[in-house]
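Labels A, B, C and D are assigned to the chains in the order they are written; within every chain, residues are numbered from 1.
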Amino acid sequence: MNQTIVSYLSQYEFYDVLLNLFGNNQGLLAFAIYLIVALVVVGFCATVGGLGTYAERKISADLQARMGPNRVGPYGLLQFLADGVKMLTKEDIMPYTADKFLFYLAPLLALVGVFATLAVLPWSSGFMMADLNVGVFYLIAISSLVGLAVFLGGYASNSKWSMLGGMRGASQIISYEIPVTLSVLAITLLAGGMSFGTILSHQEGTIVNWFIFHNPFAFIAFFVYGIGAMAETNRAPFDLPEAESELVSGYHTEYTGLRFGFFALAEYIEVFVVCGVGTALFLGGGNLPFNISIDIIPTQFAQVVIFVTKTCLLYYVVIWARWTLPRLRVDQLMSVCWKYLTPIAIFNLVGCAIWLVMFNGKSLADLVFGSH
Amino acid sequence: MFIELLFLTSALLTVGSAIGAAVTRNIMHSCVFLLGSLLGIAGLYATLGADFVAVSQIMVYVGGVVILMLFAVMLTGGKDFVSRAQNLLGLAPAMGNKWTYTIGLLTALVVVLTNVKLITNVVKAYPAKVIGNDFPSTVNQIGHLLVKEHVLAFELSSVLLLGALVGAAIIARPRRQG
Amino acid sequence: MTPAQFDGLMPIVILMGIAVVMFFGGHFLTVLLSPKKPSHLKSMPYECGEIPVGSAWSSFNIRFYVVGLIFIIFDVESVLMFPVAAIFRELVDMGHGGYALIIFLSFISVLLEGIGYCWKKGDLDWVKSYQVSLKNNK
Amino acid sequence: MMGLASYLIISLILFVVGLVIILSRKNIVAILLGIELVLNAAALNFVAYSRYVTNNLDGHVFSLFIIAIAAAESAIGLAIVIRFFQIKETIHIDEATQLRN
């Protein structure tokens, strides 16, 4: 049942050719395939993270009726490569009063925390790297490492601004993890399992079978998840910990050069991962809204393309929200989380449970159209 | 073969950072070393086939307890946390004089001897089967166990969490300097 | 886990390895490429230009801890609820839906009462928690 | 090499290191840290036995509850430490001698 890329590829005949190439050692071949796929996924996500910065400037530019970056490469597309090279050649300064060991460790924790979530992202029903049957839960757990990295980054650089930013950032990330976990819990209720394979297989068919339209509570849970996810990646109206005007870019004030680059890369990839999880959980990642049989291009690649377009749509909404909504104060930030989001998330969870028991598992569409 | 590799790295990570947590004098470093050993223990759970327990260990300990400890260290006078106690051959901060250590060594010897005797019986009784009884997916079985046999414990744990929440909230509430 | 399922852990370890290799490779490149002109002024923590006074590691307000506390209690609650939620649909199909619902709702309602208590006692609000708690603790 | 004995040895080492931390540290937060290590050593034993000896998952449920109780315990312990610091301005274990402040 757990469909990973290795088990998917093993249906083809070139797999057996490869097998005896590797002296039919099953583990080694799986390791090689996973290594290649991991490098491809990491390269893709790094470019998407880089393009995220480019898209952010371009979209914010045309929201404010000005031209974004267009010098480097056609339409400024290679802007993020230029930023990368600039990061590499900047001097790497560490404040003399800083705590050397933690200052060095914080970006590594952030990077490991974000890259480990890529293992579970469901690109398509066949191309999942690791279809663990604790999939979604593992993703939430590993992304809590980033909150720790934010705190350690803020603490280690021993400047009042970054210390305050680190404390606020860590408390914001951990407090917004509760609404996200509760809305993901509502989806595990509906899907009857935590692995992305079961969640996706429950959303096949037309747009009506997506979990967002399963019942009104799941619909609200999508928005609770969206707001919580935006706050968890320090984006949009919740980016107080790194607010330029107040905390002089918060916890990574003292980080220069490539260390700051790692923090920024981890942040942008995490926004992409969070949007990807949003599409997989609520919008049936990889499943077309209308079921026409596309046999011209193999279904797996079509599903990957559909998954990536849906994620980029959500990414666009996140960037759009950043440049239209004002920034929240600290106490508003915390009261929104604890007094509005968490009660609504618990209400959704209870609602989903009652809905499942009352209509024993049938979605709104099944009741209305009366199918299966 | 991959499993032995994973077992070795997580065992080394666990034991190494546990000893690191004991040896470093800066409390923040020992918190980060505790984090390392907790991640190692999660890896050990993974090699034991307990995938749900490994992930809940990461979620609760790494995402919660360690951050809470770092907050507590910051809230209780971040100033003086390099412990200045005299230390034992420059390694672990020492406590007590040479008598305590001799008695400590004697008890340690007794404890280790009994444990070794115990473990030898266990080793003889259960030889290292490579993959013994493997469970297809632990999450569903844990769910069934929680709902059927351990229902009382499941409900009581919510009462326990409520008690912990209310108690800690009362204790940590800012009051007039009492 | 069956041996094949242990391979499910392989991508996680590989990706973490890639992150570590990328981190140290990046640092190796910066050591090669970037200029190194350390000066005392440059490595002073940023204080909008003034000379930084005192250490930043002074202690902070208590409300950061209350947030962490409530988070960890709800974290443990969601950990215990995930297995039950994962098999909820299976129980509904097996016909024990009502039984599972009772267990699930009683577990949540006990903790909902906890957050209600913190809300009323003023632990959740960020700034006024001192004045409100003074009024409550008269 | 991955038999039951190796897991027992690892949890023994963790237990002993946790005990050393509890005994040798003056900072109360460090003592709580030692308690966490001891609890983890016990939870590891449960899962190891449920893997190699019994073949039901009670060991997993047990270690889940150990994790839950350890989290609640450390939350309360740290709350007490913070109150103690507000009263006594220090978290050195030798100051905690009276029952009333």
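One rule holds in what follows: contacts are C-beta pairs under 8 Å (C-beta built on N, C-alpha and C of every residue); 3 or more make two chains touch, one makes a residue touch a chain.
Note that the coordinates shown come from a computational prediction; the quantities given were computed from them, not determined experimentally.
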item: Chain pair with more C-beta contacts, B-D versus C-D; value: B-D
item: Most central chain, Cα average position; value: C
item: Distance between chain centroids, defined by C-alpha means - chain B, chain C (Å); value: 18
item: Rounded Å distance, chain B centre to chain D centre (Cα mean); value: 6
item: Euclidean distance of C-alpha centroids - chain A vs chain C, Å; value: 16
item: Multi-chain contact sites of chain B, meaning residues that touch two or more partners; value: 2-3, 47, 49, 51-52, 56, 59-60, 63-65, 67-68, 71-72, 74-77, 135, 139-140, 142, 146, 157, 161, 164-165, 168, 172
item: In chain D, residues with contacts to at least two other chains; value: 64, 67-68, 71-72, 74-75, 78-79, 82, 85
item: Chain A: positions in contact with at least two other chains; value: 27, 31, 132, 137, 155, 167, 171, 174, 177, 193-194
item: Which chain pairs touch, all of them; value: A-B, A-C, B-C, B-D, C-D
item: Chain D partner contacts - residues on chain C that touch it in the complex; value: 59, 62, 65, 69, 72-73, 75-76, 79-80
item: Sites on chain C touched by chain A in the complex; value: 3-5, 7-12, 14-16, 18-20, 22-23, 26-27, 29-31, 33-38, 40, 42-48, 52, 55-57, 60, 64, 67-68, 70-71, 74-75, 78, 81-82, 85-90, 92-93, 97-98, 100-101, 104-105, 108, 112, 115, 119, 124-127
item: In the complex with chain A, residue positions of chain B that touch it; value: 1-2, 26, 28-29, 32, 35, 51-52, 55-56, 58-59, 62-64, 66-67, 70-71, 74, 137, 139-140
item: In the complex, chain A residues that touch chain C; value: 2, 4, 6-7, 27, 30-31, 34-35, 37-39, 41-42, 88-98, 107-108, 111-112, 114-116, 118-119, 129-132, 137, 155, 157-163, 167, 171, 174-175, 177-178, 181-182, 185, 188-194, 248, 253-254, 257-258, 261-262, 330-331, 333-335, 338-339, 342-343, 346, 349-350, 353-354, 356-357, 360-361
item: Touching residues (chain side chain A, partner chain B) in the complex; value: 27, 31, 99, 101-102, 105, 132-134, 137-138, 140-142, 144-145, 147-148, 151-152, 155, 167, 170-171, 174, 177, 193-194
